[in-house]
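You will see two complexes here that share chain A, one where it goes with chain B and one where it goes with chain C.
The block that comes next holds the complex of A and B.
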């Protein structure tokens, strides 16, 4: 018996309607733990090489981990994956809420969808009953609207995942939405679901989970809640959630503004966590079993209307507020709601909107093309851009391709300020004086995403402290910046193993990263649940294995993949920060290469960033090494 | 002893449901819980908690007197219960739940207090009569 796992992979062929329940291979659990590890290995095994990301053959996955659904702090994570419509390489995105636990209680560790339904469909999983239903009535509706309707139709005890019109239109940064404000936002997985004609997935689970030591994990789980409640961040970090970092990133000057041209907003106190509490918040909203709910659900009144919306989270504040210069929290919240309803990733959509505004300012896009004047700080303009990109209307059809592809089409130097890596738009930290964080963005496996290795504490405060302690100290730390670019690969690699490990376990990382809830706790809980005696270091070794595999997946899928895919846009090398705390700084191409050289060497990759056979064999991926050689 | 709830404090995490099932049935299964959380979204954007206040309406209607009072808490005698579910139908707070997964006996709050101690929001309380 595989303790801690439901034991089944649910395979749905949307084209034929065939439902296949496959036993979870013990070797998969042993080698890759769960969640992100399952996504990486199942993609490698089941995706036909060179498949187009929006073709029926792409494999869409939702995976839980062994800790998902247990009485542990924040055990509500679900990890999604597919070949990325944004990058063409490895893609995943995770989400809190209650969907993953419901899937596991229904009896499934993994849901895998292939094929394309003949007509718009909803997948309904009611424990062992699994069926595709017509979705014609909901096709074209907003993601939140659709969830509201399905909750009413199916009942409160169903957990619902939806896509919006952007997913239906296969916008390359379309997200998936759940629980009126949780999103698996990144890498365009909503477009993959849309390409399969799946509008929504509803899950009800009323079965139980297993544990190797039920009494032990029950008591340890209760103690884990007590330990988290005793952390200083429990009272200090929770009230504002991720938005609480807005002050600090402005104090140290890494807050993206004007499409990453500048890195400080003089109005940041109008859009910070305190502004959410004063002007928006109705309730804290927590994911499954989360003692520190970062979700702030509220109501925003603007000239464009009044909306109920969860958030904005920090990343939405950065990309919609900072980068588009929306200077009131109500405006940021409204733009956030537009994205949620349309099914757009707030990060990529904010980056695309700000890129389009800069193109307009530079005369590369016209009023006639866009359909109106647009400007930084204009909510109506930002909302217009979001709407046309979600509908693929006019120039919105190009914007829906993301900044990398759009810039290639528009030209005129716009590629220099298309802020992405590998085709995935950049998240909320400007890095021209933060070489460690720059390296983290360059080498993140899904493209320019922060959550794999958030090393800003090292760059900006000389500190590896948890985020609550770091932010509590304010911007007064020992800023290193680019005084040296040596040894930056060390904290990056360390964190690239730690943070994604939580995505394998199926549990939120924030209690560890933000509050300092110690890693050994997770190893103990893993042992009680699965019966496997792995130390924290043993678990990190599995995470390293997954990291090598995701890079290798992109090598397999992208013909000329290598170093050229790891560079940031030219803006970060050619345009020193014009003002603010990091004025005058940028990172030259030579400095970027030095960062990559050190990183590749530490990873055991060749000079082009390709994992060597020795590197793969060192982490137990001999089979992957052989299969890659056969593919190439 | 009976439970009371402060709805405005609830964040909807549902740890209370899971600990209820573990404490009373040693099962990792919130469908076994004897309380309920409802989210009211997108509008008005609030949560409500339904808990048993030990009102005794269930005991009054039980045709076989399988529900008895002990230390101010109404409990179900599983040996006597016939599974008729009359009690489920009359519960004014809708927190007597039909049996699941092949059981015969409904699920009822025992005022054990596990939900009170786990709640990270201090939204649940155990009060004496």
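The block that comes next holds the complex of A and C.
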């Protein structure tokens, strides 16, 4: 018996309607743990090489981990994956909420969807009953609206995942929505679901979970909740949630503003965590079993209307607030709601909107093309851009392709300020004087994403500080010296194994370290649930295996993949930060190359960033090494 | 006048500053800025996102004028 797992992969061919329940291979669990590990290996195995990301043959996956659904702090994570419409390479994204536990209680570790339904459909999983139903009534509705309607029709005990109009239109940064504010936002997985004509997935699970030592898990779970709640991080961080970092990123000058041209906003206190509490919040909102609810559900009143919305989370504040210069928290929340309802990733959508505004300012896009004047700081303009990109209306059809593809077509130097890596838009940290974080963005397996290795703290630890800086903390008058690029690969690689490990285990990482839990606690829980005696270091070794596999997947799928895909946009090398704490700093191409050289060497990759056979074999991927050689 | 301050470093902070112990005690002979106390303890204040001083969230520019237990929280990404 595979303790900790439901034991079944649910395979749905949306084209034929065939439902197949396959046993979970024990070797898959042993080698890849779950969640992200399952996504990576199943994509490698099941996706025909060179498949177009929006073709029926693409494989859309939802996977849980062995800890998902147990009575442990924040064990509600679900991991999703496919070949990315944004990058053409490896894609994954995760979300909290209650979907994963429900899927597991229904009896499935993994849901895999292939094919394309003839007509818009909803996949309804009611324990062992699995069926595709017509979705004509819901096609075209907003993601939040659709979830509300399906809850009403099917019952509150169904957990619902939806796409919005952007997913239906296969916008390359369309997200998936769940629980009225949890999104698997990144890499365009909503577009993949839309390409399969799947509007929503509803899951009801009323079964149980297996554990090697069930009583031990109960006891450990109780102790875990007590431990998290006893830590001061609980009281210090939870009230503002992820938005609580807004002050700090401005203090250290890494807050993206004006399409990443600048890195500090003098209005940041209008859009920070405290502003959410004062102007928006109605209640805290947490995911499954979460003792530290970071969701803030609130009401935002703007000139464009009044909306109820969860958030904004920090990333939405950064990309819609800072980067589009929306300077009131209500405006940021409204734009957040527009994205949620349309099914757009707030990060990519904010990046695309700010890029389009800069193009308009530079005369590269006209009023006639866009349909109106647009400007930074104009909520109506930002909302208009979001709406036309979600509908693929006019120039919105090009914007829906993301900044990399749009810039290639618009030209005129717009590639230099199309802020992405590998085709995935950049998240909420400007890094021209944060070389470790820059390297983390350059080498993240899905593109420019922060959550694989967040090393800004390490970068700042090396910066000089004096008491004068502190007295005026948050002001733009104090300057930070040029950061060193030495030894940045070490913390990046270490965290690229630590943070994605939580995505394999199926549990939120926000309880890790700051909020009370440390690595060995997870190894103990893993052992109680699965019966496998793996240390924290053993678990990290599995995470490294997954990292090597996701890179190798992109090597297989993108013909000319290599170093050239790891560079950031030219803005970060050619345009020193014009003002704020990091004024005058940027990272030259030589410095970027030095960062990559050190990273590739430490990874065991060749000079072009391709994993060598030795590197793959070292982490137990001899089979992958052979299969890659056969493909190339 | 003598003020004793115990600085407690969170797990995340110790990952960033691996050579620092879990608790650092600093003694001051007059009220001092929280940020200055961090510097005297060998901690770059820029690494700190939040301070919790005697159970209450505080700022690096706040003045510490009595004995204190200060919990230091490293920046946390998310969202």
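The working rule: the second predicted complex is superposed on the first by the 606 of 632 C-alpha atoms of A that agree within 3 Å, B and C clash if a C-alpha of one lies under 4 Å from a C-alpha of the other, contacts with A are read in each partner's own complex, and residues count from 1 in each chain.
Note that a residue touches a chain if its C-beta (ideal position, glycine included) is under 8 Å from a C-beta of that chain, and two chains touch if they have at least 3 such contacts.
Owing to the predicted nature of the structure, the values given are computational and were not obtained by experimental measurement.
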* Asked: First (chain B), second (chain C), both or neither: which does A:232 touch?
  -> second
* To do: Kindly classify A:292 by the partners it touches after superposition: chain B alone (first), chain C alone (second), both, or neither?
  => first
* Asked: Touching A:284, do we find chain B (first), chain C (second), both, or neither?
  -> first
* For A:207, select first, second, both or neither according to whether it touches chain B, chain C, the two together, or no partner. => first
* Give one of first, second, both or neither to describe whether A:460 is in contact with chain B, with chain C, with both, or with none. => second
* With the two structures laid over each other on chain A, which partner does A:251 touch: chain B (first), chain C (second), both, or neither? -> second
* Footprint overlap on chain A, comparing chain B with chain C -> none
* **For the chain B and chain A complex, residues of the former touching the latter** => 8, 10-15, 18-19, 21-22, 26-32, 38-39, 41-47, 100-101, 117-118, 120-121
* Touch list for chain A against partner chain B, complex -> 69-71, 98, 101, 105, 144, 148, 156-157, 179-181, 205-211, 214-215, 218, 222, 225, 228-229, 234, 282-293, 295, 297-299, 308
* Note which residues of chain C are touching chain A in the complex, please. => 8, 10-13, 15-17, 33-36, 39, 44-47, 49-50, 52, 55, 57, 59-61, 71, 73-79
* Asked: Which residues of chain A touch chain C in their complex?
  -> 231-233, 235-237, 241-245, 248-249, 251-252, 294, 311-317, 428-429, 450-451, 454, 456-458, 460-467, 469-473, 480, 510, 512-514, 518
